[in-house]
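The following pair of complexes shares a single chain, chain A, combined with chain B in the former and chain C in the latter.
Up next, the complex of A and B:
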């Protein structure tokens, strides 16, 4: 058995950097979830529109993203776009773009299921009181759908937050990247990776708990 | 882009030149995902059974393991394993560190799906097994598991796809699998888009094949209905 002396001062000295990195990761996940939700909602409506020329490309997009390793997508966007003379994204923006496209595919499946599970009577009742098509969506269908899909959305947020660790591969200074840097500087392997794992774990479960509270608050429809 | 002619600097030529690197990359990807799938399935079934029927302290330990594994990004697990194992004097190659980390992660997922599948088998099945005098191991072997395995097939195929996608992360610790092999080729000839496209197509082929096999297995085992 080897001797290993823990030296937690490495962590306390870098606490600020680690905290900032964690917040950056959370921010990346939230922004990607928001953009991804817009993409996903549009994709879900396109899938359900019944028009083949709309539904088919969306199906291809969703299946393509779901069969693709995220890391490959990240590299493809980051190194591939400049080849087409599109070089106005920095590494963080390029990562957000990739993660949003990735989230969009998963969110579209969530929203498609959510839209499909809305009772037909709701729409009929909305028609009966004379709401226009967009009013029916805005005031009846969408609010109900968001309540139904909230658990799935919170699952997606957590897995997106975990996926932000891949941004380290293109040197976005989020938690995993900072952890690797500290690890390379000091080689305090156990301290660094134990704390970083704990930070991911605690954040993921905090998100889960908070969103469960939100669900309980808004889950008035059964 | 995608110039298939056989002149140096064109994609066709460069792809032919690097055919063995690409193939060995595909080989490493398939070997690491294959090993991970085998390890994770065996351990996942054991853990899943323990999670459902174990003593309370065993359930607690495995529940803790599963929840911790599901809350930490795979990349962190891989880096932790790679740097951490060396501390304990276990100097394994990057390939094995990666397989161990991926297996640990996938085991948690499979254990959780198996628990769900086992609990969805009607209680009466277990009682009927008891009634005809089967011991616990026999009830598990002949009554519960055959039914549970059928139910966990779709999520299991999903986990397999996740594993194949997860092997790309091994490139971060220097395992020359398909992604890193492609990147090394790009570093030689700067055909960035072309070789990322090639890697994309190869990953699509691998994952599509697995999804199809999964579909066939599901149809094969779907005669059982409640």
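Up next, the complex of A and C:
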């Protein structure tokens, strides 16, 4: 029988670094979701505009991102773009750029479905009180769509948070990367990976729970 | 009631694809009048109402509100659609109440009424809240200001929708079968609010199947058939002296329901 003696001091000694790394990952996910939402909204409107020259490139972008492994995209932006003399970013910025483009493709599908599901009657009511086209979007269509798509947005945030572990591949000091470093320094395999797994799990579950509260707060749409 | 025509439609035509739904409608609504459109479904009543508020665009003919053509201006004999901003400004002068209420689901009753006041008429939030409160009280819903549409009954939602439309102080209010989606026991509360509005001098163009209401509240009744105005006149003329077999048989269907009340 294999004997493994747990030595949790390796975790307590590195608690600060692990905590920081977790916050970095969370920050990367949130920022990417925000940028991705802006991209996704613009892409969704472009797809729904009925203008081919707008809709077609957006379709190509969405399908390209959805069909490529995220890790390859990360490598392509970080290692590939500098070959074309595009190198204004450091590794963290490069990762945020990649994850935002990635999130943008998924969010565009979420928003496209959301915008498509808004009953025409709300828009007509907005027209009838004299709201202008952009006001109808701003005060009626978008708020209703946001509430309808909230569960899908939550799912995306959780996925993005887990995807930040791939940033370890280009040495962004998020949780997986820091865990690997501690593991390499101390060989405390079980302690490190059990602790980090628990951190991912608890954080993702907390996000899900918090967002479910937000969903309930906005449950005025039936 | 003055004799001035607030709304004047002449020769309004509208087709959906190859089907001509409106075949030249002439209709005048004077200030302070209640004009009702009756007729079988498919006769073009709702389409005409939607053309007045530019939810549909008529193909030819003219709709004048206070003498201004709705939706188009004529330039060198050609019709040109007005800008979206101008169209929106015209819509703001015409209120509309829908069959399905169409309240904004993410806003409370009060916020539903306030939205147009703040964003279209430029009122402050405090003013808008005051006005919304007054109108919600007028329709008997001051206690429901903070309720979301899903927390209200159909009749209550429709009364909020009426408050939302009237609060904009429109020149003309359009009612599109506003009681058709309601449970029978909720119809009366909505008709009651409409009757109050009519008595207060609001100019109203009403599409309705509530024949008793139409007969008692309208100044002028228009029977539409197959996209045309088949007969128009006072309620007495239309209900008691129908000139065509079509109108007689249309009214006959309601006699079954109301006995000899009509």
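Everything below uses one rule, namely that the second predicted complex is superposed on the first by the 222 of 222 C-alpha atoms of A that agree within 3 Å, B and C clash if a C-alpha of one lies under 4 Å from a C-alpha of the other, contacts with A are read in each partner's own complex, and residues count from 1 in each chain.
Rule of thumb we're sticking to: a residue touches a chain if its C-beta (ideal position, glycine included) is under 8 Å from a C-beta of that chain, and two chains touch if they have at least 3 such contacts.
Computed from a prediction, not measured in an experiment: that's the story for all the values here.
Chemist: When the two structures are laid over each other on chain A, do chain B and chain C clash or fit?
Modeler: fit
Chemist: Between chain B and chain C, whom does A:96 touch in the aligned arrangement: first, second, both, or neither?
Modeler: neither
Chemist: Rounded to a multiple of 10, tell me what angle the C-alpha centres of chain B and chain C make at the one for chain A, in degrees.
Modeler: For this superposed arrangement the angle is about 110 degrees.
Chemist: After superposition on the shared chain, which partner residues are touched by A:130: those of chain B (first), chain C (second), both, or neither?
Modeler: Second partner only, chain C.
Chemist: One more residue to check, A:176. First (chain B), second (chain C), both or neither?
Modeler: A:176 contacts chain B only, not chain C.
Chemist: According to the stated criteria, A:29 is in contact with first (chain B), second (chain C), both, or neither; which is it?
Modeler: neither
Chemist: So in the superposed three-chain picture, is A:70 touching just chain B, just chain C, both, or none of them (first/second/both/neither)?
Modeler: first
Chemist: Using the superposition described at the top, determine whether chain B or chain C touches more residues of chain A.
Modeler: Result: the larger residue contact count on chain A belongs to B.
Chemist: Once the structures are superposed on A, label A:139 by its partner contacts, choosing first (chain B), second (chain C), both or neither.
Modeler: second
Chemist: So if I take every C-alpha atom in chain B and every one in chain C after superposing, what is the smallest distance between them in Å?
Modeler: Value for chain B versus chain C, nearest C-alpha atoms: 28 Å.
Chemist: Return the residues of chain A at which the contacts from chain B and from chain C coincide.
Modeler: Residues common to the chain A contacts of chain C and of chain B do not exist here, since the sets are disjoint.
Chemist: Would you tell me which residues of chain C are touching chain A in their complex?
Modeler: 53-55, 84-85, 88-89, 91-96, 98, 100, 102-106, 115-116, 119-120, 148-150, 161, 164-165, 168
Chemist: Which residues of chain B touch chain A once you look at their complex with the stated criterion?
Modeler: Against chain A, the touching part of chain B is residues 1, 68, 71-77, 79-80, 83-84, 86-89, 161, 164-169, 171-172, 179, 183, 186, 192-193, 196, 199-200, 203-204, 207-208, 211.
Chemist: Which of the residues in chain A come into contact with chain B in the complex?
Modeler: Listed in rising order, the residues are 1-2, 4, 64, 66-72, 75-76, 79-80, 83-84, 162-166, 168-169, 176, 179-180, 183, 189-190, 193, 196-197, 200-201, 204-205.
Chemist: Quick check on the complex: what are the chain A residues that touch chain C?
Modeler: It is residues 121-122, 124-133, 135, 139-140, 143-144, 147, 218, 220-222 of chain A that touch chain C.
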